[in-house]
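You will see two complexes here that share chain A, one where it goes with chain B and one where it goes with chain C.
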Partner chain A sequence: MKKITVLSLIIFSISIFLSQGLSANNQISALQILEKADNVINAPKDQALTIKLVLIDKKGKEKIRKMSMLQKGSDKRIVKFLSPADQKGIAFLSLPKDVMYFYLPAFKKVRRIASHVKNTKFAGTDFSYEDMEAIRFADKYNSKLLKTEENAYVLQLDPKKGIKTEYSKLIMWVRTDNFYPVMIEHYNKGKKLYKIMRRSKIEKINEYWISKESEMEDLRKKHKTKMIISDVKFDSNLSDAKFSKRYLSR
Partner chain B sequence: MKKFSEFVIKNSKLVVFVTLVLTLIFGFFLKDLKINPDIISALPQNDPDVKLFNYIGDEYGGNSLALIAIETDEIFNKNTIKNIADLTDKIKFLDGVSYVTSLTNVLDIKKGIDGIEIGRLIDEYDLPKAEKKLEELKSYVLSKDMYRDKLVSYDSKTTLIICRIDEDFNKIEVAKNLKKLISDIDLKGNHYFGGMPFQMIEMSKIVLNDLKFLIPLILTLIFLSLYLSFRSFRGVFLPLISVSMSTIWVLGTMSIFNVSLTAISNIIPIILIAIGTAYCIHVINIFDEEIKDNTDKKKKSINALGKIGIPVILTAITTAVGFIAFIFGSYLTLIQEFGLFSSLGVLFSLIISITFVPSVLYLLPVKSRLKSMMKSTEKKTGIIIFMDKFGTWVLNNSKLIVVGGVIIAIIGIIGIPRIERKVDMIDYFKKGSEIRNTEELMVKKFGGSIPIQILVKGDIQDPIILNEMKLMGDFLDSQDNVSNAQSVADLIIEMSDVMGEGRMIPDSKEKVTNLWFLLDGEDVLSQLVNDEKTEAIIQATIANADTKKLKDLVKAVDKFIESLDSSVISFSQSGMPLIYQNLDDSIMNSQFQSMVLAIILVFISLVFLLRSFIGGIIGLLPIGFTLLVLFGFMGYFSIPLDIATVLVGSISIGIGIDYSIHFVSRFKLETKKHKNGLNALQKTLETTGRAILINVITVMMGFLVLVLANMIPLQRFGVLIALTMVGSGIGAITILPAVILVTKANFIGEFSRILNKTKNHLNNIKKEKK
Partner chain C sequence: MKNKKFFILICLIFLFSFTPILNAQEDESSEKELKWSGYFQTDNRLLLENGNKFSWKEYRLDLKAEVKPLEKVHFYSELWVRSLGFSNVQSSIDLVDRNKISPWDLVIKEAYVDLLGVVSDNIDIRIGKQRVAWGTGDKLNPTDNLNPNDLEDIWDFGRHLGSDGIKISFYPGDFTIVLVYFPQFTPSILPLGDLAAALSPSGDLPDGIIVGNLSDKIILPENNIKEGSITGIKVSKSILDFDLSLSYVHTRDSLPLLNKSVLTPTAIPGTVDIYSELIFPELNIVGADLAGALGQIGVWAEVAVTFPEEIMMISDLTSLGMGMFDSIALDNKPYVKYVIGADYTFKNGIYLNFQYLHGFVHERGAENLEDYFMFGMEWELMDKKIKIMPLTGGIEIKDFKDLKNNYAFIYSPSITFKPIDNIEISLGIRLLDGKDSTVFGKVKDLDEVFFGLKFNF
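Coming up: the complex of A and B.
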């Protein structure tokens, strides 16, 4: 009898402890979680990395592309294709206020490209230009905490009024420990789930968290794109000159 | 046969019970019966042209285009643009639509203020609202070949939303959902639905409505004609019940084997109703003849069934054979299915007629027959007196009949070369019907909706190949009837232009791949090129499917392909023109093959029945005569051979030969009994001749009802079958005896000997009268 009382007491205290822990977490608002997630992703002052793109079609056939990417802050970015051979040298430069240039080596010409085409796929991948934008989700979306799972907060993001997006809503899983967003479900304007982004191999390099492998799956087309990141360098004080039209053609 | 008759009559109650239970079972499955009006799905999957067509459909987002045309006073108006944008957005997310292209999402490549724009013609997040912007957009769209007459008509009053339907989906369901989407949106102006998927919705509706309307009508008509002929309860209801049962059996079987009803197999119930009654009529006729009272009913019944069993079985077999001929001689699977299930239906009708019908007749008291019927068999009624006179006339004018027959046949032969052939689906619908009006609008404003594709193999990014593709596209556009030629070469040229390199294919592969990179991921690319860039298509549309024009086009394209350099590139033609051409050839072939097959099989059955080679040939004469009349009729009255009328030849052999069989077997029997040829002929005409006449009228009325159908092939089919019924029925009671008389064929028995006697006898009567 005694044993049982002791046991029930222990169980009782554990449950109190757990519920307190949970309620503490609950006190974090959805907006706070989202802002923290934005901070984690956009933390580095600048970054230089190599990206391997693996395009996987519905039959499982793979196509591989490689590119190098430099990014400063959240709105300056330059991407250069390294392979395959027939795409080597093609480069994109994104600057603030939707200004975008590209360079075609075969023509040796730099041209500005209108970038209002957000739902266009980026270089044949499952990432659209919109997905590739470095953005702060909190600026574009209203957030709502749907539930808290063992390791993740589950947020629902609804686009703010006047925001141009191809998505009707996003469901985002944010890790409770480091606030890294690990999975995002993208719902199309037909309110159907159509793309899922998953981030894995989340590592800490210097003081920054980075996902070395992310994958975007188009459920309708049964097509996937994996983005594998290597040669990561953070905060190497990239100069603004690197984000210029002249550097694009080099 | 005797054992069989004994078995049936002795177990009559069991037979009736089993038949009813089977009907209930088959009837239960009837609810699952589906309708499939898709002709493409009926193409033989092993035909290389069909394979290529399907392959292109699978790889490039579907061969079926569902077109929604929106018509207003001015397309470039903010409300209309908003409507189109909303619709496009909704359609994009509809299951089964692989691609949708409209004004608001079409790829646009243009020079901007300080660079190039590769994107949408209209920014879906910032739709043009101001008059000035709309005006600018209008003049830009109408100035570009990519859009004018392809997406927007030259007068900017009509625009298209083009949907490609995924081959893995049920096209009709997708088209229905599209229609629903549109009815949910408050569209300003008119809208039309064009293209195969929408046409198929209409087709299945029409198929179903025709059945719902025609079957009761045919049953009523047959009811009336049976009542007028038999004037008895059993004479009317037994045939009706048994044909209904055999129809239920066969449709139930189709449902069990998951075979859908098609635009062709929906004739099966009508055919079964018309044919099935014949078997019953003959059985009822003989029972009426043999059993006049209740004494010794069992023995008499067995006897009656034994007598009629063989001819009924034979007629059923020859009819079934006419249908079986389609299983082997046809290109379209829907015609093979039709052949299979019609012959099965005939078999079911036969089984019911020689088991269920005699059982019921045996079980029913003789009394239930109406008095007038009894009288009519005792006294010679009008029809019998007519038949007697008719017999005398035939006997006296046999030579005239033969000559007359030959003349009609020759007139028929002259008409045969005039027969046209039609394979276009649009031809199935009545003039002035919604579908035809829409199609005419599409043709007038956008150059039609029938796809033609050229598959290109080679390194698609090679400038040489792109240039050849461009040549091919230009060639297609230059053809009469063809418009909207498009390939990836056009996009590359457009890109080159905005890069400032001029409207041409760039001179190096590097340049092409660079330009290509900017297009990568665009929807339009996957409709034109495969992922590996080793294969591409050039597509265009055709205005109408006039068979001759299509054939000329197919030939011209093939000839052009031959003229191109084939060392690095290969072109293969595909698309509906080629399919239609195959269909057309196949219609000719299957007409010929199935008819020859039917004639041979029927001949064999006749030889077996008559145990005479000559007899077989003579037995075929009425049907041969009828076929010539039939084809002559088609020639003179411009009834084309299409996928339904192609059936008539073999069917009329199968059904028409029944009259000859009944006539000959009875004539043979009577010749044995009577010493006098005239008496034999008269007796045959009185009995079998009467049954034939009743049957001809019944069946003819049944098929003539099809004239009221909404499907044009069904109308033509009805007229033609009715014609062959009259032809072979009349032929059987005129030409057949006349030829037998003229040739003095002795397969009938010691006929020639009696014949001379009869002639003398007749002459004596004449002399006496004088």
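Coming up: the complex of A and C.
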């Protein structure tokens, strides 16, 4: 009898411990989820990628663009167009504090991008210049946990005061197992859903998670842009100097 | 002996400069291969009046070659092979001259080698024929004075010739310092055909005198370091939301200035032959520019203060029994050219651009600088397949006090169609009007339609 009581106590204690653990897990805050998501997508110290963009119009017609991209940390990114020929050499640099430049080889000039350009389409794709910025969402958005689905946390992100953005809010689906954001709904200033980004082919390369294919869909224009990533290199010690106007024009 | 030591020193500096290149880690094989790219472009223009004469015909093949044989070495060149203009056959002998039947030319736009971080990590050196584009304005750049202007086609604003020389860029901290040295002076190319009238100065002769033969002589500066070289320095830095630069250029005006006229009577009473001499005045230009944003609107400004040398004009009328007269062709008083501009892109893709320019490229002296209001509007439709430019043009004001007699305008709407990647078909019209005293008023009879195709490869 004594043995049974002790065993019951042990089981009870374990249950209490487990339930507390589970409830702590349930109580993971929206901010913690978002920070974890930021950490996952920005985990590598630096990354070098080749990107193929497939622009698909409402009739299913495709156009292809190729770019190379370097990123350091979560706030420095440089993108250079490799094709098509009429866009080859155009380059785009994103730096901390919303500073962006682009280089137009035809004019041999590096030009700062004013904020009105940030809301426009990046080279005819469904990504805007803002979408192409290297960012940490937690720095720009306040987060709210809307619900927890079987495999994903669903967050609502509202722009922080003073943040310039084309979006009134984002709804983000973050995987529960690895905190990778798999889908983001973008709402315009009129609070209407107008773009959805979906990430797929999420793989672990070395110790980092990466989505090798993502798609941005413009619901109004029924136009999609697929971003297919290849030639991924992580942590190759890219110097800060590579993320400068000097390198942008090379 | 001293010279010999200096020569050895220079050789040693070069040797040490190139050693890191030889030791540099080689880049990936793709960058080591020579890459070709470029475009083919046609440009045809047809006058709306004058019997619908073709006013321009250009078929241009642009060829760019680029290679990065080593991590820190980059070679780039750009050539134009062009069929430009119309058959210029005057007599039967010309019919054996291919160039007169179908004129063509070859232009080396640029050809240079970059040594990237070779001498020091923070120094890039570019040697060869190159374009150094300074200024933040949109194609109208008062501080862009290192390369001579290429005014062959005045509607292609901002076009310059490449210059042979060296550019050294330093990157200390947040600053960028650029030094440029072009050893030889090169004059500008003047407008081709009827467009030459736009930039020609209007000269007055006494009543009753008719011009017979006109001849002139261009006096180039001595081909030495003191007389012919062009130097420039620019310091740039980003402060808050703005990119700022200060620059200084020592150069010569690349457009010639008349400094001597000799009038000689001919056998026909009342008719004189005129012989002129033209020179290229020395200029010191201090410039500043900025680019950034005010709220959501992109803004830029550029100012150039020119300190010219004083040039006297000699009018030799001794053959007419009237003696010689001196006057000032170019005052040494500084004058200020500037441009301010703004642009904005709406969510629906409409792009607006506005610039106010004080002092066009050929204008000299504070009293002779005119005002230009340039504007542009672009609207991209159907996934960028169609670009409409319904509001492109400008207004020129020569004198605000007498506006009625001193204005001109250009209105040039156009449409571009991109059926597939790399192909662009364009069609537009250019309407000009204004008073004869103005730059664009002088060519007001040259209203034209233009159409062209561009294929990038």
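The rule is short, and it goes like this: the second predicted complex is superposed on the first by the 220 of 250 C-alpha atoms of A that agree within 3 Å, B and C clash if a C-alpha of one lies under 4 Å from a C-alpha of the other, contacts with A are read in each partner's own complex, and residues count from 1 in each chain.
Simple rule for what comes next: a contact is a pair of C-beta atoms (placed from the backbone, for glycine too) under 8 Å apart; a residue touches a chain by one contact, two chains touch by 3 or more.
Remember, predicted model here, so these are calculated numbers, not experimental data.
Enquirer: Could you check whether chain B and chain C clash or fit when both are placed on chain A?
Expert: clash
Enquirer: Looking at the overlay, what does A:Lys192 touch: chain B (first), chain C (second), both, or neither?
Expert: Touch partner of A:Lys192: chain B, not chain C.
Enquirer: Based on the superposed arrangement, let me know which partner A:Lys108 touches: chain B (first), chain C (second), both, or neither?
Expert: second
Enquirer: Looking at the overlay, does A:Gly60 come into contact with chain B only (first), chain C only (second), both, or neither?
Expert: neither
Enquirer: Where does A:Pro96 make contact in the superposed view: on chain B (first), on chain C (second), on both, or on neither?
Expert: neither
Enquirer: Who does A:Asp86 touch here: chain B (first), chain C (second), both, or neither?
Expert: In the superposition, A:Asp86 touches chain B and chain C alike.
Enquirer: Scan A:Thr120 for contacts with chain B and chain C and give back first, second, both or neither.
Expert: both
Enquirer: Tell me the contact category for A:Arg250 with respect to chain B and chain C: first, second, both or neither.
Expert: Touch partner of A:Arg250: chain C, not chain B.
Enquirer: Determine, for the stretches 326-334, 524-532, 614-622 or 704-712 of chain B, which one clashes with chain C when the structures are superposed.
Expert: 524-532
Enquirer: Of the residues on chain A, which ones does chain B touch that chain C also touches?
Expert: On chain A, the residues that contact chain B in one structure and chain C in the other are 57, 63, 86, 107, 109, 111-114, 116-117, 120-121, 124, 164.
Enquirer: Along chain A, where are the residues that touch chain B in the complex?
Expert: Against chain B, chain A makes touches at 57, 61, 63, 81, 86-87, 90, 101-102, 104-107, 109, 111-114, 116-118, 120-125, 164, 188-190, 192, 194.
Enquirer: Any idea which chain B residues touch chain A in the complex?
Expert: Within the complex, chain B touches chain A at residues 89-90, 92-94, 112, 114-120, 123, 125-126, 461, 499-501, 506, 508-511, 513-515, 517-518, 520-522, 531.
Enquirer: Taking the touch rule as given, give the residues of chain C at its contact with chain A in the complex, in rising order.
Expert: Residues in contact with chain A: 37, 39, 74, 114, 116, 121, 124, 131, 133, 136, 158, 169, 171, 176, 238, 243, 291-293, 295-299, 343-345, 347, 349, 383-384, 421-422, 424, 456-457.
Enquirer: Quick check: in the complex, which residue numbers of chain A touch chain C?
Expert: For chain A paired with chain C, touching residues are 55, 57, 63-64, 84-86, 88, 99, 107-109, 111-117, 119-121, 124, 164, 166, 221, 223, 241, 244-246, 250.
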